[in-house]
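Data block below; observations after.
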Amino acid sequence: MSALLDLFTTIALVLGALFFLAGVVGLLRFPDTLSRLHALTKADNVGLGLIVIGLLPQAGSVFAALKLLLVWLLVLLAASTVGQMMARVARRAGPPR
Amino acid sequence: MSLTYVLESVLALLVLGAAAWTIAARSAFAAAVGFVSYGLLLSLMWVQLAAVDVALTEAAIGGGLTGVLLLGAVATLRGTEARTNRRPALPLRVLAAACCVLVSVALAVVVLTLPESGPTLAPQAVAALPATGVGNPVTGVLMAFRGFDTLLEKVVLVLALVGVWSLAPDRYWGGHPGLEHRLPADGVLPFFARTLPPLGVLLGIHLMWTGADNPGGAFQGGTVLAAMWLVVMMAGVRDAPAIRELWLRLSLVSGPVVFVAVGLAGMLTAGAFLAYPIAIAKPLILLIEVPMLLTIALALGLLVTGPPERTADPR
Amino acid sequence: MSTVTLFGLCASALVGLGLYGALTHPQPLRKLIAFNLLGSGVFLLFGVFARRGAWQSVGGDPVPQALVITGIVVAFAATALAVALLLRLHKESGEATLDPPAPAGASTERRSP
Amino acid sequence: MNPEFLAAVAGFVMITVVVGLARILWGPGDADRVMAAQLLGTGGIASLLLVGVARDLPAAVDVALTLAMLAAFASIAFIKGVTAAQDEDSGEGGGR
């Protein structure tokens, strides 16, 4: 059972790290601000999400696991708000660069 | 050479890189962004140093509040940036750089020549800890063994705030600090400012409460509360209070006042200023920490909003 | 070289960097940021010395750690007061520095666009 | 769970995110700089959670929570600063 959980953790963490990598590649390579924003949100939401999910079996207690989920929830809330506002800023700044 | 060691070396390089960027960046905005990133990396470093209490403080104040304070100033001073660019002459800069390198090298030599383990007060702190009733040695030092420092530090916070307020033009004295933020009530930001603070208040109180036995405490909790208050003000959900409000001034001084009162009571009951009778040490520490949390949250929040810039008259 | 030494060297370099910025930057706001860097370098040195005092299950000497926490809060209060002074100066004079205004074309540095 | 593996993932995420910081250097817009800083925040939170489990420091989650809270707060302030500058440039008063 614990080996199975460890396998789950490994897979989720590797996937999460890959999403971070993809997000950064997007942030660096995409041509304009709005598509870069699109790439960023993948790292923020999915990357961190997978890492949190992967760490859940290792958390030790239900309370600790809930706190891990709360971290993700907070980042989701912040990222969606900031993403909206940033897109507005980028749109007002002029045509895509 | 373990993987953890590589990780720590990378972290040290990152901190240095962020610091160098903060100094070298051309625009002040970029420097402020760099400073926030630097604060974040630094708090990771504090975790690696097994000083989680400090990591919490650095994450909350170093990256968060100081960053926001600087960004506000950068936005206001944007127009003067291009004019204020007269650097010292090159020879002078080289001389300054040489002196700074000298300072760094001297400190580095000290670090390198020190023995691996140094003198420590940890055994004494841990031995005396049961008398205070708290389980976190750092909280024990802050609230009991060096309580006087913490009391004076509260006073410094309030004094700094009085200093900031005194910069207000006479006609605005007693008025509302900062600019008024007017936003449509159904926008993204007001929604955010209504969703986040309940969680943030919970976290702030949790940090204060858990600080008795785990890393955390009134400073860290108070900073989170201050940040939540600032979000509410920035989103225009609630305006900043007029500084002549009696409740505001009473709450601001409640932390130091309760601290001094408990300290004076200690002279009668335990024989010295700021001494706690052992039987009720922990309830007393909590009694001090609750108003302290309020004082810290209000003072930090108001320090960021700045001096009054509007009259207190109702709009 | 242990982690503690490594972080100690990093802290020493931070103090130097911050000092250089505080000495040479023309804008007071940037001096303030640099001064904060310097301060955090000093705090980090404290942390390094505290870590050397690790004892049994305690990860470091709690006394310097508590001092650093107090120090960070006081540094913030001082920064806030300095920023308020700077903003008031800007309101009064329209400038963000006490230096006399530069004569036209006297600047040796490239102006930012 | 092998702590070395967790530390390795933490290091990988940290390095990736820092490469992304090149956007702070390049810009071109302020929005791009804020994005890079936000990514650093998320990456820092992720590696903090990983290090917390690897080194068995349950309090690291509290630091991560504080970071998440304050990073959100700082991003909002960034954007307010940028929009204020935009308003000034375009001559519009108030608004968002």
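Structural remarks
Chains: A, B, C and D, in written order; residue numbering restarts at 1 for each.
Here is the rule we go by: a residue touches a chain if its C-beta (ideal position, glycine included) is under 8 Å from a C-beta of that chain, and two chains touch if they have at least 3 such contacts.
The shown structure was predicted, so the numbers you read here are calculated from the model rather than taken from an experiment.
Here the two chains linked by the largest count of contacting C-beta pairs are B-C. Inter-chain centre distance (chain A to chain C, centres taken as mean C-alpha positions): 32 Å.
A straight line joining the Cα centres of chain A and chain B is 28 Å long.
If each chain is reduced to the centroid of its CA atoms, chain B and chain C end up 14 Å from each other. Chain C and chain D have Cα centroids lying 21 Å from one another. Residues of chain A in contact with at least two other chains: 70, 74, 77-78, 81, 85.
Multi-chain contact residues, meaning those touching two or more other chains, occur in chain B at positions 48, 65, 72, 74, 189, 192, 196, 199.
Residue positions of chain D touching 2 or more other chains, listed in rising order: 30, 34, 36, 58, 62, 65, 69, 71-72, 76, 96. All chain pairs that count as touching, in label order, are A-B, A-D, B-C, B-D. If you check the complex, the residues on chain B that touch chain A are 188-189, 191-192, 195-196, 199. Contact residues of chain D toward chain B in the complex are 3-4, 7-8, 10-11, 14-15, 18, 21, 24-25, 30, 33-34, 36-37, 40-41, 44, 47-48, 51-52, 54, 57-60, 62-63, 65-67, 69-74, 76-78, 80-81, 84-85, 88, 94, 96. Within the complex formed with chain A, the chain D residues making contact are 1, 5-6, 9, 12-13, 16-17, 19-20, 22-23, 28-32, 34-36, 38-39, 42-43, 45-46, 49-50, 53, 58, 61-62, 64-65, 68-69, 71-72, 75-76, 79, 82-83, 86, 90, 96. On the side of chain A, the complex with chain D involves touching residues 6, 9-10, 13-14, 16-17, 20-21, 23-24, 27-28, 33, 36-37, 40, 43-44, 47-48, 51-52, 55, 58-60, 64, 67-68, 70-71, 74-75, 77-79, 81-82, 85-86, 88-90, 92-93, 97.
By the touch criterion given at the top, residues 2-21, 23-27, 29-30, 32-34, 36-37, 40, 43-45, 47-56, 58-63, 65-70, 72-74, 76-81, 83-88, 90, 94-97, 99, 101-102, 106-109, 111-112 of chain C touch chain B in their complex.
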